[in-house]
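Everything on this sheet refers to the single structure shown next.
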Amino acid sequence: MNIFIKYALVIYFLPLLAFIIQTFFGNKLPRKGDWVSIGAILITLTLAISMFAGMLLNYDPDFVVQESFTWMNLGNFKIEIGFLIDNMTIIMLLVVALISSMSHIYSIKYMEGDPRYHRYFSFLSLFTFSMNGIVLADNLVLLYMSWELVGLSSYLLIGFWFEKDSASNAGKKAFLTNRVGDIGFFIGIMLFFTAIGSFSYSDLFAGVQAGKIAGATLTVAGIGLFMGAVGKSAQFPLHIWLPDAMEGPTPVSALIHAATMVAAGVYMMVRLFGVMTADALLVVAYIGGFTALFASLIAITRKDIKQVLAYSTVSQLGYMILSVGTGAYIAAFFHLLTHAMFKANLFFGAGSVIHSMHHGLHKIDDHDTDPQDMNNMGGLKSKMPVTYISMLVGSLAISGVPFFSGFLSKDAILAGTLAYASHNPAHFLLPVFGFGAALLTAFYMFRMIFLTFHNEPKREDIFGHIHESPAVMKLPLILLSILSLFIFYTLPHFNPFSDMGWFKHLMEYKDSFVPGGILAHSTEEGLHHSHMTAMIMSLIVAAFGIGLAWLMYFKRSISAEKVALAIKPLYRLSSGKFFIDELYTKILYKPVLKLADAVAYLDWDLYDKYFINGFGRVTTFLSNIVGKIDYEGIDQTLVDGIGRSANRAGKVLRVIQTGRVQQYILFALTAIIILLIWKAS
Amino acid sequence: MDTMYLSWLVWLPVAGMVVIAFIPRDKTEIIKTVAAVATGLQVWVAILLWLDFDSASGTIQFAEKLAWIPSFNIFYHLGVDGLSLPMVMLTPILSFLAVFVSWKTDRAVKGYFTLFLLLDTGMIGVFLALDFFLFYVFWEVMLLPMYFLIGIWGGPKREYAAIKFFLFTLFGSVLMLVAILALYFYCGQTFDMLVLIDTAPMALDGVLWWGISAIKVIWILLFIGFAIKVPVFPFHTWLPLAHVEAPTAISVILAGVLLKLGVYGLLRVNYGMLPDGVMWFAGAIAFLGLVNVIWGGLCALAQTDLKKLVAYSSINHMGYALIGMAAVIAASSANGSNFGAAEAGLTGAVFQMFNHGTISAMLFILVGVIYDRAHHRDINGFGGLAKQMPIFTAVAGVAFFAGLGLPGMSGFVSEFMCFVGAFPVFRTIVIISAFGILLNAAYFLWAFQRIFFGELNEKYTKLPDINGRELFAVIPLAVITILLGVYPGPFLDMIKETMTVIIDQVVIWGDMAVLP
Amino acid sequence: MITLGFWFVVIMTIAAAVVVVGSRNLVYSAVGLFFTLFGIAGLYVFLWADFMAGVQVMVYVGGILVLILFGIMLTHRISSVNISHTGLQRSLGALVAMVILFGLTYLIQNTPWKWVAGIEPESTTYEIGTLIMTDYLLPFEVASVLLLAALIGAAVLSRKNP
Amino acid sequence: MDQLQTYLIVAAILFSLGLFAVMTRRNAVAVLMGIELILNAANINFLAFARFGGMNISGQVFSLFVIVMAAAEAAVALAIVINIFNNFKSINIDEVNQLSR
């Protein structure tokens, strides 16, 4: 067995083991067993790093290892499950392991003193296990299974503080919304399986290439798979669960709802890019682009610091999806990688702020104020320098400022959209989505920074109790800030304006498997052409966005309130999140619940009560009639008549029943004699 | 016939019953112990049977055949194959656990366990019987104890529920009896199922009743008989009522075993003896499965009584099995000889049958646990129990998530197989019923949230957590559920050969004729 | 001589039987029964059934009669042994009995009996023994069981507090 | 004397007497005696037919069984009589008519 597979097996099952140990014995272990999960994830991280090192040593773009076993075999129906390890897998494994380790370490302090501390770590381990399943899968079945398991751990972690109704609602919403996407995913899987007869990626690719599935079916199947990604990566119209998911503990938001799980959809799209038809990709691109812009429009009016980040995540995921749709799927994966680092960083920073705000509120016995509301913050820079710097780095990276990682990946995506639009001028909206979102991203991120860290504090009473977070919470911040620098992605080159590094070498564009689909070299050519334009435009856009935020929230030379008043309808739409939730409540939840009630009523109070029991009533009615005839006519008159006459006869004959045996004998003999005489004569 | 496993399985509960008959009625502990020992031994025999079972063979194994009423060609004929083995495994396990579930029964304990063991015999007998007459006898033997168990030990509306259950089932069995007699007289006056499987398709070929093919008529008769047990949509209303009113252990048996008789009967009798009819009726089966899925899901979503919710979820879940069963026609030449899909669907249906047995049993046991403590089952009347009863919450979580088909649990695998199998033939139906999984998740999660999440209801601050005995009843089922969900291969290996035989039967006959 | 003896036996038997039926005193009846049974044993001798005559004497006279005497003793106080009443429906009973007797006599006299002249056997004991142990083994065993059952039954029935 | 009819008539007389006793005597023991007479009459018939019917030994064996049965009957009957006496303090059968009440 290949060494990579062996490592992968350990990486896969170690968190599961930790989960099992934590679930059953966590409460009894010293320190509630957090070291079990943390130890497991650190070993995983070590192995992931060594796999990564092995990949760099190989430095082979076509590196791939695959190993599978038969999960079930019914003769003609066979499911094989296994691991597929190539460069993308290894990079993703490292991302998961890294962010997950950071999140574990961060949680030691963040979750300190929680009554279900051990449970929390067991859920984290379960998540890591499931996520690695998605990453390692070489087939749709394991992918789908891990997909749902990830949903489960997300459900459990969002609803971790289940005493709060909002938290448990959010968990449920996340799971159900994901299920909606999964239905499409499942239908896609079935379409592929029906046509190709196998679930494994390689058979899938071969089948598509051979034309076993083509045309509209392939498009529908591809869109089906994409539905899964829409659910998991919170794309419009299924984005509604992700902002609510912020009810979970912040390290969870950083790990699951920013860096890894929500990226699973993108990961899957990148993996299966080869089976997407042009039509399917167009849908993908539009949904992604729209989501990117739409979510950033909502983000600019959020008051809650985590909500800003949540909508920013939705928007960034939209970017990645958009990029997949335009064919620049490697750029999407690149953005996934960089985004994982800086967005986790931002969430950890936000968590740090919330943690100390919470602490401060606790000190002054204020339990009504929301510790996440940015209107209660301000001026935290001086009190929390490390948090400030790291969040600033993160914001710079996400806004696409040069020398930071986000610039490189964002640039590639925007270049992809430009290239696509230049080939298909009809779809000029896609780059507009992209650049518009980039502008807004820069704006709302710096709005957040300025509101939180700059100017004078809004609440002096809390401010006095604010202090920097402990070391274990600072460590992930510092580490991830460093990883948000461009240098780690351009090595062995040092050009901050070009992504020509190890990543570009190891992750090559490949031709689509769809006959007549996108070819690798045309994509790369397009990217190359649009590279400069995209870079310049994105720089301008980012500068504009940051500048606007600076004017509005730092210098206050433009009053935010006035702007809001000026565009009141738009402002209301944005602050109301475009009323998507309300819409769904109105056109989906309530009608479905009403339908359910109606059906239940129909079933129980009409169908059963009247139809089924009606049979009973009719039968009772009939039997009453028959019973009457039977009793009055046949029984009382006929049968009882016989009985009565017998009774009368009995009364007469009773006289001779004296009870004396000897008389009986006498009577019997007399009778015999009479009989004999009568017979003889 | 070296080992008479099957007779042991059938008669062990009867032996227990006889022993109980000699125990004074006030020695309840001894009575319960005897019942536990009898069913426990049955489990042991079932495990031995399973270990000895040759999964490479698709035919009947461990057959036992003795003349019973020779003048009518009736035999005491038992046997097991891949179709019945899962249920033969499940029945003793659930019976054994149900004894522990009903440990706290205090009303007429002797009568209760006597009837319970009789019920056990009836159930396992139906799965093992290979003679139609014997089959019918066991079928009725099972019905009567059930009537009394619901009617005497049930909830407030027990008499109504028991009568309804009884009439419904009796209606079905009468139709079934007619069909059995028709088969008997048309196919050489034999009740032997194996013989009928060989001869019936040929003997009934071309027979017309009132201008309709006799096969169709018999199919419908048998279908209604079995559909009531499944229960298939228009015949389902006895189920919520019976489940709600029955004592916990009986609900477990009802959902875990009795509902399986329908699917089992359809596969054994309808598919085996009237394969031509399958081609004709499969579409209807798939459609009814769809209705079951959606209707059951919607009804479950609207319930506030937890037990009723679980009952409707049974309807929902059996719909998947029906859809999987219908997939068998994918193998016919008209549908492109897709044997893979047929195997997936049919095996999935049998697997779903088993899984629903374990999962719904688990759910009912847990409902019983909460009912014992809170004395009501109103979902909205709980709240925040996760804080008060963490272990119970964890176990209930496993059961609920198994119910909503989470991967890693057996329910997912079978639902997946049913859908994948049926998809090539019944594309629209499968796509619509895929939304059933959404409903499925919705009602389970919503109920879970309302019961366990939120602030703890002050009424329940003193509620004790699940105790050892109850855990003992649930944990084995949870373990089975997870094991089969993680690696179903070996279990499916036992089933698959028999399924191949059934598929071949259907395909060979189904491809030949169009029924008038 | 033999004829004389025969008639003597016949008359004695019938006379004793009349005493049995007619006596007011139960003890007299018992004594009459004794003679009747003896007389019948005598008739058996005339019927070439010497073994049966022996059995008759042993079982009836030696067993049953004693049993009956015990029955009388156990159920009557010694002083009131003779307070035994004859029946109520004497006349009607007598009439029926007479009619039956007449009927039987009529039948006996008017039936053309088919005789087979037999040879007087030496002794019947050996042959009866053989037959019992061969052809009639089953009835014999059944009879033994019956006796056993009667034994037990009698014991059970006559217990003081059953 | 060597005539079948003689024996049969003797038997008939004994039978009638026995019957008379059974029908008329109030005392249970007396009734029992009547039954014994009837049985003996039957036995005489058996032996008579055995002798004159030419089937010597078989008839005798049969009457042997009759005697056995009579012995058993007498034992049980007397046991019953004693029981009745214990219960009713009387063995007059016309007083033992509880069934008719």
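Letters A, B, C and D mark the chains in the order given here, with residues in each chain numbered from 1 onward.
In this section, contacts are C-beta pairs under 8 Å (C-beta built on N, C-alpha and C of every residue); 3 or more make two chains touch, one makes a residue touch a chain.
Everything numeric in this text was worked out from a predicted model, so none of it was measured.
Looking at which of A-D and A-B shares more C-beta pairs in contact, the answer is the pair A-B.
Between the Cα centres of chain A and chain D there is a gap of 104 Å.
Work out the mean CA point of chain B and of chain D, and you get 71 Å between them.
Chain A and chain B have Cα centroids separated by 34 Å. Note on chain placement: the centre of chain C and the centre of chain D lie 6 Å apart, centres being C-alpha means. Across the assembly, chain D contributes residues 19, 23-24, 94 that each touch 2 or more other chains. In chain C, the residues touching two or more other chains are 87, 89, 93, 96, 100. Shared interface positions of chain B, i.e. residues touching 2 or more other chains, are not present.
Annotation, chain-chain contacts: A-B, A-C, A-D, C-D (touch as defined at the top). Residues 1, 4-10, 12-21, 23-30, 32-34, 36-37, 40, 43-44, 47-48, 50-54, 56-58, 60-61, 63-65, 67-76, 78-83, 85-86, 91-92, 94 of chain D touch chain C in their complex. Against chain A, the residues of chain D that register as touching in their complex are 19, 22-24, 31, 93-94, 97-101. Interface residues of chain B facing chain A in the complex, by the touch rule stated above, are 164, 167, 237, 240-241, 295, 298-299, 301-303, 339-341, 343-344, 347, 384, 386-387, 394, 401, 406-408, 412-413, 416-417, 419-421, 423-424, 430-431, 434-435, 437-438, 441-442, 445-446, 449, 452-456, 487-489, 492-493, 496, 499-500. For chain C in complex with chain A, the touching residues are 87, 89, 92-93, 96, 99-100, 103.
Residues of chain A that touch chain D in their complex: 657-662, 665-666, 669.
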